[in-house]
Each structure stands twice: as structure tokens, then as C-alpha cells.
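Two complexes are shown next, each including chain A; its partner changes from chain B in the first to chain C in the second.
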Partner chain A sequence: MKRLEKFLPLLPVYLFYGLLFLFGRSVEGMWQPAALAAFYAALGQAFNVFLGMTGYVDFGYVAFMALGAYGMALTISNFYTIAWLDGWLILMGLIAAALFSGALSVAVGAIALRLRGAYFAIATVGVNEGFRFLLEGVKLWGGSEGIVISSKLRTAFGTEGASELSTFWADVFVFLIAGLAAFVTLRYMQSRIGYALTALREDEDAAKSMGIYTTKYKLIAFITSSALAGLIGATAWTLKLTYVFPADAFAIHYTVEAIVIVILGGAGTLMGPVVGGVLYAVLKYGLGVTFPGLQLLILAPIILAIIVLFPEGIVGVLKTRVQGTVLQKFIV
Partner chain B sequence: MALLQTHGLTKRFGGLLAVDHVDLEIDSGEAVGIVGPNGSGKSTLFNLITGVHYPDEGKVFFDGREITQLAAHERAHLGIGRTFQIPRPFGSLTVRENVAIGAMFGTKEGQRDVEEALQFADEQLKRIGFYERRERRGRELTPTEMKMMEIARALAMRPRLLLLDEAMAGMPPKDIDALVELLKSIKQKEQIAVIAMVEHIMRAVVSFAEKVIVLYQGKKMIEAPPEQALSDPRVVDVYLGRESTE
Partner chain C sequence: MILGSVYGLMTMGLSLIFGVLKIVNVGHGAFMMVGAYIAYWMFHLLGLSPIISIPIALAAGMALGYFFFQIVIAKLTTAAELTTLLATFAMGILLEESARFLWGPDYRGFSWNVGRLMLPPVAIIPLGKIYALISSSIVALLLYLWFKKGRSGSAVRAVMEDREGARVCGINVGRIYALSFSVGIGLTVLSGNLLTLFVPVGINPYMGGVYTLKAFVIAVLGGLSSPWGAFFAGFLFGLIENGSYTIFGLVPGLEPFSMTQFFAFFLLLMILLWKPTGLFGTK
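Up next, the complex of A and B:
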């Protein structure tokens, strides 16, 4: 019982995703909006592991999604003719995606995580732009033309299978990755890793003098967060869109959106990025439908207002409110 | 063999010689007061011992091992715990969690997993009479409470050497007495060496320390038993200025 109690905070998160999934499946024309909401929630959750738990801002975060997208695209491009692989091809792609972005995060983290605050943020912007120009400049991985996998997917899975993969399964994967991100976040929060990260976020020097090897824990959070981003890029981009273009994959606005989602929902909380992601998707999609062309102009003041009203994020404020009530066990 | 030794420890900040060839020798379980007016190099000396700064010259030894180049967290693992002059609690965490972090990451032998550390924190907090406040957040405490919590947090690391940076400054006399009693009992039971850095609260130093080191302009001016050190004419000069000879 005590063991299960630890997992109670996952209940509202999974309930939320479950309802979103059902809503998308049962209401005509709502699958794509629901998938978009799941994408933003997953993105927020993945980024929260680093931004929320360490307090470090990575402005080059989208690079990890891009590398994941390339990991999947390259795997499919190289192995799609091997018929017996079947669904394992996707699994291989997911593993490659996590490895690609994980490897980049080790390289970036080992150097940049020695920097603090704004210096770290600036260094990471450079990584994103640098990597994009590297691909385009040396014509690596298709250069600026990117990699198109639609015909390869049809060869591997048949016309029907390929279409189902990109219109349904790709989105289901995003839901599953979001669920995985929530699970990992909770496990971290309840372990020494979470305590170390909170301590260093609050006061890095004090954390060191308590015996916390801060670089190690920052790197753990960075690699985890990056690998999750890679999985999202591999599914929500490569599998769903069936192509990867460097100009799209390294677009910095995804990083900015991820930051907004985490801050909006509540940095460092479990439920925060889920609420932030879905709210952001609803606002962006809803405003896009009702005020086409003006959505960003209207979105900005709404987000500002929410951040002023909820400085610790929506769930951050909620978490403080439910202290000492029965709900305390569910909201962390 | 002394627990902590420094040889010719020197630190410059630009043209300022903050710590000037300081030799220390602190034994296991010894209680030492480091006294000196503002700017005498006390804090820098602490930072050199704990690994916040690295010295320009000189060496630091702990338990017979040279630690001059070790990082702060590695020194903590060996058994050096500290508090800060301006308290630095982990603000969003509760008192209990703050103290538990000490037990999770402190000395190598003392490290515990989360559950054990939280239980250990409860015991520590009961011992210093802080148990009722265990669910308060670090940032909600008064400065005096923060200082007590920092001591509990450092003790939870199971240190062999505890460095108290102005732990008593700004505390009401009643609390200072309680703290001195606590430190005495720790010393007796657990053989933890304590170095307390003090600018003004001489009463506490006299009742607690076995040895007082007076720092002045980065140099060690005197090292003696408390009464002797504090009545030394040079020390009186440093604090009160020279008596007029007219």
C-alpha cells in the first residue's frame, strides 16, 4: 500500500491524458487538436525535467528534438528494405533517436553545464544554430533538403500501414512518451536525484558544500530531458510528417514554446507541464480558428496575464493551496 | 595527527591579501574559536578550507590527506560540514527536507537513501528542539531559525569537522546559550571538531572554545586559550584601538 501510494501523483496526469485521448477519438475532427495538445504537454514534460528541476534555461533545446527526428529518419532510410524487421524498425528508430539526442546532450552538457545562468543559455543557442548550419553546410543527412521518408514507409509497411502510422500511431506514441516522461519525472522527484536537483536549483554553492556533486546531477537531468525530446521529435515530427527539414526541425520557436509551457503550468511540478501544454495548445489552436492571423497577438497578453496571476505557474499555486488537504498526495 | 592542518595558506583578491600564510592545526573533537574584526580574513579562510576558493599558496590537509585541490562536494564527503554567514537554506524545501539533504549527500559513510534520511532528519530536529517546525519551508524561517536549521543540516552530514560561520551573530542571548550547550554535547558525544568563527560574541567563545585564534589583516595574530587570547593587549588594540599615551 505504501509502495503504491508513491505513485498517486501520476493518477491525475494519466487521467488527463486518458480523457484527452478519448476526446480526440470520439469527437469528430478532434483527433488532430488532441494530438497537438499531447505534443505540447509531452514537450513541456520533457523540458521540465531539465528546466523545471535545475532552473537552467536551455535555449537550444529544440536541437535535441531535431536530432531525434534525424535518428528516426536515418534508421528508416537505411533499413526500410529489410522486410522481417516490420514494427521493430520503429523501435530501432526510437532507440536511435534517444541515442542521437542523448549523445549530443552529453557533449553539450559536459562543456556548457560548467557555465551558469545567462552564460549557459547563450552557449546553448549557439549549439542549435551551429548544428543546423553544419548539416546544411557540409550537406550531411540530406543537407538543406532534409530527409523524406514517405515512400520508404510505404515500402516498409504498405500504403495502408504507412498512412495509419503517420495519422494515428505517431500520435499514440506521443501520448505514450508523455506518460513515460511523467513517470520518470516522478521517480526523479522522489529519489536522491530530485533532492539534489532542487537543492542546486535553490542554491548551487550551498548544495556543493552539502556534498552534492552538482555537475553530475545536472548532467543526469540534461541527458534525460534531451533523450525524451529526441523521442518526441522522432514521433511527432518524423513519423507524423514523414519528412525532416533542418529549417523546420531547428526552429527556435519550439524552444520558446516549451519554456512558456513549463513556466505557465508550474516549473518543477509534475502536473504543471501537462496543464501548461494543453492550455497552450487550446489557446493557440482556438485563437487560430477564431481569429486567424491574429492568434499570436492575442495569445501573448493572455500568457502574460496568467504568469502575473500565477507567478509559480498554475499547478505551482495549486500545489501550495492543497497543502494539508487530502489532495496533497495527488499534486506534486 | 591533527584532523585539519593548513600550511602557509594564502589567498589574494587582486592586490588585497585576504589570507596571509596562515598555519592551523585542529585536532579531532577540538573546539576552536576564530576571532577577528570585520575584514580580517575569517570568511576567506573558511572558504579555503571548504573548497569555495582555492589558495594561491599553501596547502590544506584533512585527516592526513592533502585536499588543497579537491572540490567542495568532495571535501563534504570526507567530513567537512559548514554553515553560512548569511544563511542559505533551500527555500522551497521544508526544514525536514533541508536537514535530510545533509543525510543524503554528506560524508561517504553517512549517506542514506531518501526514506532513511527523512527519518534521520526527524531525530536530529527533535534533538535540537526544532521538530515542531519541521514542515515549515526554508524561506519562511526567521534568520535565527535559519541558522539553527543550517547547523542541523550540517550535523546530518555526519561531519568530523564542523565550521560555523557567524552562527551566533544576531541571536538572542538565550539562543546563544542553548547553541553553546548543543555544541558542547556534540563535541563530547561524537568527537566532532568545531571551528566557530566569531566577530563579536566573545562570551560564547569563552564558554565554548578550548583555543582561540585571532586573525588580523589576514594574518594569525595569536593562538591561545580563550581568556588569555582575549585579554592580550594586541587583541584589545585590534578591537578597541590603542589607548592614548598622553
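Up next, the complex of A and C:
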């Protein structure tokens, strides 16, 4: 019992995902919105591992999602003719996605993590845009035309299988990745890694002089967060949309959406990105339905108001409220 | 190369804001878009040339900057980068979407015919570009004089170097923040106005993104918090852009436009790594 107690904070998160999943499956026409909410929650959680825990702002985060998407698309377009692979093809794609974005994060991390604050943010924007233009410039991986895999998926899984894959299984994968991200976040928070990251977020120089090898822990968080982003990109983009275009995949506004989600829910908390992600999806979807075309115009002032009025986010406020009550064990 | 002067001016606004408030304005391009629209409407409705709308753009930009400062930025001067980056990005989205709401998503343009300057053996340069070069240099010079000689200009420099020290010396730091943010945004809008002298077409609500990124590269090139470095780095960047476009165009199998962009960001990373204070940095 004692050993299980430390997993208690996962309970509300998984309960939440479970309810969301059931809601999406049982109510007519709600599967896509539920999947969107799960996508944003997963994105927020993956980003939170790095941004929330270290306080570093990676403004080019979407590059890792894009590389994951390319990892999946390349795997499928290279191996789709091999019949016996079947479902393993998707697994291979997921592994490739994690490897692709992981590799980029090692390269970027080794270089850019030496920089701090605004310099780091600008450097990561540079990586994102530079990589995109490199792909288009040297016409690598389809150049600016991207990779379209819909016909290849049909060859590999049949017409019905392919459509089921992109309308159902891709979203299920996103739910699973979100669950994985929550688990990883909690494990990190309760281990040395979490303590080290908290220390360096508060004061990096002090943490260093206490003997914490900050570069190592920053890199761990960075790679984890990027690999998760790659998985999200591979499933929520490549499998679901069946294409990857560089102009879409490297679009900076996904990074900003991820930041909004993390701040909205509360940076550095376990529940925060889940709450933030679902709230953001509801806001965006709801505004899109009620005021088509104007959702961003309405969303921008809301974002500004949140930043000015509640900088710690919803769960951040909640966390200080439940301190000392029974709920304390559930919300971290 | 002449475009470099406008690049320089647009980056001065960015560097001024970063230098004083330590805020990276990610909504930079959106403010330039506002400037371009000002030039467009002034020309289209009143028949005023973009040269005459320079002071209008500056005034409008400063008012806009002051407005955003009072509402948002004033409360974030000590906040983490995360918040300020998001705040400026949201401001950018707000401007872009308002522009689209008011004027629609179409591409607009105008043609301002002022003749050409003939330099027979070298090139033929439209006079509009010469005007842009001259006026942006004048603005930069005025700014330089204000910075070096003006009382409030010196105060801005003092705050840039040491916030606390300036406060101890009796400078109202909050007012300097407001002033620099307004002037920074004013310059940005102004440069958007001048930009239309080079590229009078393609004015649309989302035109700013490219310039935001270019301004980042130039700002880093010149040292992030140095408006002077930024102005000269603008010229340098104009040269690099043209040069690399020509060179990459010679290599078969490459897409020169994208490669030029790639090269710019590659440069950005290299400079951040080896000389974060910029090419003209003193430290």
C-alpha cells in the first residue's frame, strides 16, 4: 500500500482521460473533439516535462513534433510494401519518430542549452525555422511538397484498415501517449531528476554550486520531452492526417499553443497541462463553432488576461489551496 | 543593400525593447504589418506618399506601444521569459486578427511612381528606395542624437546598463520602460511603413512573421541589446541575404530562397554560440 501511495496523483489524471475517452466514444459526433482535447493535453504534458520543470522556454518545440511526424512518414513510405510487417509497421514508425526527435534534441540540447533565457528562446526558434528551410532548400524528404502516405497506408492495411487507423487508432495512440507522459512526469518529479530540476529552475547558479550537474538533468528533461513530442507528431499528424508538409509541421503557433496550455494549467504541475489542454481545446473548439473565423481574435485577449491575472495557472492556484487537506496527495 | 537600412530600423525597435525591458517582442512583425497598412491607407485614401506618413506611423506606433505597455507589459517587467514571450505573441495575434477582421485577408498593394535614379553603368534604382534609405538614416541619426545628448535618452541608456543603479540615481525606471516600449514600437511601425517603399505589394494581415524572424537574426548579429549594432547589422544582413541568394542560385538542385533563409538561421545559431554579444558587441 505504501508503495502504491506515491502513484496516487496519477489517479485523477487517468480518471480524467478515461472519462474523456468514454465521452468521446459514447456521444455521437464527440470523438473528434475528445481526440482534440487529448491531443492538446498530451502536447501540454510533453512540453511541461521540459518547460515546466526547467523554466527554459523552447520556442522551437514544434520542430520535434515535426521530426516525429517525418519519422513515421518515412518509415511507412519505405516499408509499406512488406506485407508481413502489418501492425509492426506502426510500431517501427513510433520508434523511428522517437529516435528522430530524440536525436535532434541531443544535437540542439548540446548546443543551445548553454544559453539562457531569451537567448535560448531565440536559438530554438532559429533551429526550428532553419531546419524547415533546410528541408525545403535541399529538397530532402520531399522538400516543400512534403510526404503523402494515404495511398501507401491503403496498400498496407486495406481501405478499411487505413481509414480506421486514421480516424480511430491514431487518436487512441494520442491517449496512450498522454498517459505515458503523465507517468514519466510523475516519476521525474519524485526522483532525483525532479529535485535537481526544481533547484536549477529556481536558481541555476546556486544549483550548480551545490554540486548538481545541471547540464545532465536539463538534457534528460529536454530529450524526454522531445521524444514525447515526436510520438505525438507521429500519431496526431502523420497517422491521422496521412501527410506531412513542412510549412504545417514546423508552424510556430503549435509551440505557442503548447506554452499557453502549460501556463493556463500551471507550469511544473502534473495535473496542470491536462486541465489546461482540455480547457484550451474546449475554448478553441467552442469559439470556432460559435464565432467561426474569429476564435483567435477572441482568444488573444483571453491569453493576455490570464498571463496578467493568474500567472501560476489554475492548478498552481489549486495546489496552494489544498495544502494540508486530504486532497494534497492527489494534486501535485 | 538599401533594404538593409529598413532592416536596421526595424531591428532597432526590437533591440531597444530588449535592451531596456529584457523582453523579446515576438509580435514584432505584426507591428510592422500595422505600419504597412498605415502606408497603404494613407496612400489609398488620402493620396499621401509613404514619406509623409512617416511621422503618422511613428505617432500611431508610439500610441499603440503605450497602450499595450499600460495594459499588459507594465505588470510583467519582472516576470519570467515564458510569460513575456507569450504576452508579446498574443499581442501579435491580436493585431493580426484585428487587421483581418477590419480589412480582410486579401493581399493589397499600391504603386507609387516617383521615377528612377539612373546610374547607367551600375544600376537603375527606383527613387522610392533612395527616399527610404535617406529617411531611415535620418530617423536613425535622430535617435542616436536623442540617445547620446537628450536627457531622457541618457536615462534610457542608464536603465539599459543597470536597472537598480539607475533607480538609485533617481531615474523613474517605470517611466523609462514606458518610454522605451513606446519608442520601440513606434520605430517598428515606422519601419513597416518604409518597407512598403521596397515591397509595395503583398500587404496582408499575416505578412509580419517573416520579418519577426529576420529581425531576430539581425538583432543577434548586432548584439541583442544594442540598437546601434542593430542598425549596422541590418545593412550587413541585407548584403548577406542578397549575396547568398545569388550564390545558392548557382548550385543546381537547390531552392535558393529557402537556402538563404536556412543560411540566415545557421548564422544566428553560430553567433549565439560564439559571440552572444553580437559582432559589434563590446563585452
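Note that in this section the second predicted complex is superposed on the first by the 328 of 332 C-alpha atoms of A that agree within 3 Å, B and C clash if a C-alpha of one lies under 4 Å from a C-alpha of the other, contacts with A are read in each partner's own complex, and residues count from 1 in each chain.
Just so it is clear, contacts are C-beta pairs under 8 Å (C-beta built on N, C-alpha and C of every residue); 3 or more make two chains touch, one makes a residue touch a chain.
What you see is a predicted model, and the numbers here were worked out from it, not measured in a lab.
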Is the arrangement of chain B and chain C around the shared chain A a clash or a fit after superposition?
-> fit
Looking at the overlay, does A:Q190 come into contact with chain B only (first), chain C only (second), both, or neither?
-> first
For A:E136, is the partner it touches chain B (first), chain C (second), both, or none of the two (neither)?
-> second
Could you say whether A:G29 touches chain B, chain C, both of them, or neither, answering first, second, both or neither?
-> neither
Looking at the overlay, does A:A300 come into contact with chain B only (first), chain C only (second), both, or neither?
-> second
Which of the two partners, first being chain B and second being chain C, lies in contact with A:P292: first, second, both, or neither?
-> neither
Using the superposition on chain A described above, determine whether A:I263 touches chain B (first), chain C (second), both, or neither.
-> second
For the superposed three-chain arrangement, provide the angle chain B-chain A-chain C between C-alpha centres, rounded in steps of 10 degrees.
-> 80
Counting touched residues of chain A, say whether chain B or chain C comes out ahead.
-> C
Superposed arrangement (fit on chain A Cα atoms) - minimum chain B/chain C Cα distance in Å = 10
Residues on chain A lying within both footprints (that of chain B and that of chain C) = none
Contacting residues of chain B [partner chain A, same complex] | 50-52, 71-73, 76-77, 81-82, 84, 88-93, 97, 100-102, 104-107, 111, 113-114, 138, 153, 157
Considering the complex alone, what residue numbers of chain C touch chain A?
-> 18, 22-24, 26, 71-72, 75-76, 79-83, 85-87, 89-91, 93-94, 96-98, 100-101, 209, 213, 216-217, 220, 224, 248, 253-259, 261-262, 264-266, 268-269, 272-273, 276
Residue ranges of chain A touching chain C (in the complex, touch as defined) | 51, 55, 57, 59, 111-112, 114-115, 117-119, 121-123, 125-127, 129-130, 133-134, 136-139, 143-144, 252, 256, 259-260, 263, 267, 294, 296-297, 299-301, 303-304, 307-308, 311
Residues of chain A that touch chain B when the two form their complex | 190-192, 195-196, 198-199, 202-203, 205-214
